[in-house]
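In the two assemblies presented below, chain A is common to both, partnered first by chain B and then by chain C.
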Partner chain A sequence: MKLETLSKKTVVRALNSDGLRFKIGGFNVCLSSSVPAVAEHLLCLYGAFDVLDNKAFIDFYTALEPPSKLRRFFRPQVNFSFDGYFPFKPLPYKQASAMFEWGLNWCIASHSHQYLIIHASVVERNGQAFIFPGTPGSGKSTLCAALVSRGWRLLSDEMTLLSVSDGCVYPVPRPISLKNQSIDVIQDFAPDAVMGAVFKNTAKGSIGHVRPSDDSVALDEIPAQPSKLIFPKYERGSNTVLTPLSKSRTLLKAAENCFNYNILGLKGFNSLSNLIDASDCYEFKYSNLEEAVALFTDLAH
Partner chain B sequence: MFENSLIGLPTAAVIHCRFWDEECVIYNQFTGDAHLIDGMGAVVFKVLSEKAVTRIQLLKNINSVFEWEMDFDAEGFLDNLILEYQKLGLVEVTENTSA
Partner chain C sequence: MKSFQQPILCTVLIDPQLALNFNLRQWDLLIRQARSANLLARLGYLFESVGLLNQLPAQALAHIISAQAYADRFYISLQREISCIQEALHSVNAPLVLLKGSAYFMAGNIAAKGRLFSDVDILVPEDKLPAVEDALMKAGWMTNTIDPYDQKYYRQWMHEIPPLRHLKRQATIDVHHNILPKTTQFCPDANKLSANSVKLPNQNIWILAPEDRVLHSAMHLFHEGEFAQGLRDLSDLDLLLKEFSTQVNFWEKLLLRANELQQQIPLFYALRYSHQILQTPIPESVLEASKQRINTTLMDALFLRALLPDHDSCNDKWTGLARSLLFIRSHYLKMPIYLMVPHLLRKTYRRVLGKELH
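Entry: the complex of A and B
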């Protein structure tokens, strides 16, 4: 059963009782919350995901709750917890849904060492996964949202899960997180893209999330073969330039963008090396999304 | 400097090499460090990843790949490289008992 088939009342009731259980790629998540906006966030952005019954094994039990009833009226706050553990300081109450996204990123990145986890968006076309590692502000999510809006399959916006056992990229097609100007850029580029509420004045500025395509969610158990490893860099006014990068340099650059490369040790080095063996490696500078999409669509043929 | 020595990768098998074109990345499993190496160094590791060799054999391999300027001290350069790699724990220098 898809989450969007539930009424808002049912979602709110589930969040307020034992938690709403749903499946995101290879992960089963349970979320409890008394924050009403969280139900809207889930219905808007997670509508195509499968709801799980109470017997399903849950990987991550999470909750979003105000830390204290005393602060309900004075600068209200919200806390994210995982299995009763609070990994972050509380955030403003209005940012509860954004906190869920960040919290779930943390859950996956901290507990999924069957994968080498690269801080990268990853999309797929014609069976080829294009991986875009990048530091915040590099334009990887903007590029990812643009490609997905033109029919590419979303595997992940925030983290590429590279299996250390078979070298494939496993999907976790959660909402694409856009920051500041990128929100307007994508709204102009893809007016049909469904976007949730915009959270203002977060530590990262304004944050908006784009709903993943239904096709991407429907294929969230199908891994993809890596094909291209591309370091994007958005530069206002720049031409669209794709420059080959040596594989050795790519390895060191990609290692800097991994969450658990050091934890995995030799397995991490071998996984990354195998990924680079299997991929063409580039640096990419762009300012024009139409040109970028056309270039990558051509590369994927 | 290493005239009577055998130069090889550490016997503890903590060094892992990946080669692409004229470059390589050497991963030290003991420290977790990865080193990008090109030029003469990449040839050194290509040779050493197959077996430990003497300095003369190593020079022979290097000279078959590179053409030097007349005044370039390839032997001195190689000795310095080996010394640096030894300090980083990437190579092991032992006495050549078969000499």
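Entry: the complex of A and C
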């Protein structure tokens, strides 16, 4: 059963009692929260995901709750917890839903060393996965949102899960997180894209989330073969330039963008070099999204 | 006596075969409890040792593989850290005795499997402390504790100097000259421990003798004030006892040694609770011989709660109180009242002023 078929009342009740259980790719998540905005966030952005019954194995038990009732009226706060453990300091109450996204990123990145986890968005077309690693500000999420709005399948916006055992990329097609000007850019580029509430004054500025396409969610158990590894760089006013990058340079650059390269050691090195051997590697400079999408669509033929 | 509700994690630590009949909800709870007890990687090695790893449901297996990947990385770092310490202390004319996790690791004990920890603990003779500290500082370790009161507290009363952290690797080393604070009523004679320690073949590293390793683990756990890792430590004892019990006269040596080091009470608790919680096979005669004149009704009520995983599913309404009482007990054991009261007052005062973070 899809999450969006539930009424808001049902979602709120589940969040307030044992938690709402749902499936995102290979991960089963349980979220409990007394924060009303969280229900809206889920219904708007996670509507296409399947809800689970209470017989399912849950990977991550999460909760968003105010740390103290006393502060309800004075600068209210919210805490993220993972099965009783609090990995972060509290944030302003209004940022609860954004905190869920960050918290779940942390849960996956810290407890999924069966994958080499690359800080990269990854999308797929014609069976080919395009991986866009990127430091903050490189425009990887913007590019990812643009491609998904034109029919590419979203595997992940924030982290590429490369299986250490079979070398495939496994999907976690969660909402795409856009920052500051990117929010307007995508609203102009893809007026039909569904966007959740915008969270202002977060540590990363303004944050908005784009709902993953229903097709991407429907295929969230199907891995993809890596095909291209592309380092994007948004530069105001620049032409659309795709430059091949040597495999050795790519390895060094990509290793810097992994969350758990140091933990996986030799396995991490082997996985990454296999990925790079099997992929075409480029650097990519752009400012025009239409041109970027056209170029990649051509490349995926 | 507390009616003992066995957590699912203990059931599996006792007999991993039972997990094969679990449904997914039970696996879910097992993984949660194991993670909160820092025993997830050890659980993996346990399944591996009985050949069950490939029969686990995929969802549970993923968490175990992830924890084992982390543990494998940890062993590499630990090995390197021990080499660095060895090199740094090369010029100091004193045997380097490793304690606890590092010792289990270097000795190849089963208790090292899936045991993750943050500090390397070493034991050196008290008169060699200045030379050891000097050598470590020259090799890049620095003290974390700059507060003069804390420095004095450690050096005057404790069994170790303030922890040292390596500037580049950020790894911490605890340098001990004894294994319990000097102020403890039954503080063992550190010379007796060193005299009985064993040298690792082909290495310039020493570890405590098997019976002393058990006693140290017991002393540590049953003088402890915080039990977030209580079950992990009890599982160490369980594994050490199982491993050493095949050695000739081990149990006799253990009981004798507890008398020599005046550690009969920690040994009694260690045997009692590893037997009760993890069903460690201990001969009836040894359990009988280790008995002490102790109010077991009260201590059972405390330890049979505090030694369970620190997870919601294992707590009852008395767990919080039990943990608090044991915290107070640990201070009482470590220091006589006339030292403890001014110390705690001072700590509280400084915390109120915001000069202490914990």
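Operating definition for what follows: the second predicted complex is superposed on the first by the 301 of 301 C-alpha atoms of A that agree within 3 Å, B and C clash if a C-alpha of one lies under 4 Å from a C-alpha of the other, contacts with A are read in each partner's own complex, and residues count from 1 in each chain.
One rule holds in what follows: contacts are C-beta pairs under 8 Å (C-beta built on N, C-alpha and C of every residue); 3 or more make two chains touch, one makes a residue touch a chain.
Since we're looking at a predicted model, the values are computed, not measured.
**Student:** Is A:G265 contacted by the first partner chain B, the second partner chain C, both or neither?
**Tutor:** both
**Student:** Tell me the contact category for A:L251 with respect to chain B and chain C: first, second, both or neither.
**Tutor:** First partner only.
**Student:** Does the superposition put A:M1 against chain B (first), chain C (second), both, or neither?
**Tutor:** So A:M1 meets neither chain B nor chain C here.
**Student:** Output check: A:F57 vs chain B and chain C. Expected answer is one of first, second, both, neither. What do you get?
**Tutor:** A:F57 sits against chain C, while chain B stays out of touch.
**Student:** In this superposition, which partner touches a larger number of chain A residues, chain B or chain C?
**Tutor:** Here the partner covering more residues of chain A is C.
**Student:** Check the residue A:V241 against both partner chains and state whether it touches chain B (first), chain C (second), both, or neither.
**Tutor:** In the superposition, A:V241 contacts neither chain B nor chain C.
**Student:** Quick one: is A:A294 in contact with chain B, with chain C, with both, or with neither? Answer first, second, both or neither.
**Tutor:** A:A294 contacts neither chain B nor chain C.
**Student:** Per the definitions at the top, what is the overlap between the chain A residues touching chain B and those touching chain C?
**Tutor:** Shared contact residues on chain A: 262, 265.
**Student:** Chain C touches which residues of chain A in the complex?
**Tutor:** 26, 28, 54-59, 61, 83-85, 111-114, 262-265, 267
**Student:** Touching chain A in the complex: which residues of chain C?
**Tutor:** 23-25, 27-28, 32, 35-36, 57, 59-60, 62-63, 65-67, 69-70, 72-73, 76, 310-312
**Student:** Residue numbers of chain A touching chain B in their complex, please.
**Tutor:** The contact residues of chain A facing chain B are 246-249, 251-252, 255, 262, 265-266, 269-270, 273, 276.
**Student:** Provide the residue numbers of chain B that touch chain A in the complex, in ascending order.
**Tutor:** Chain B reaches chain A through residues 16, 18, 20-21, 23-25, 27, 29, 32, 34, 36, 38.
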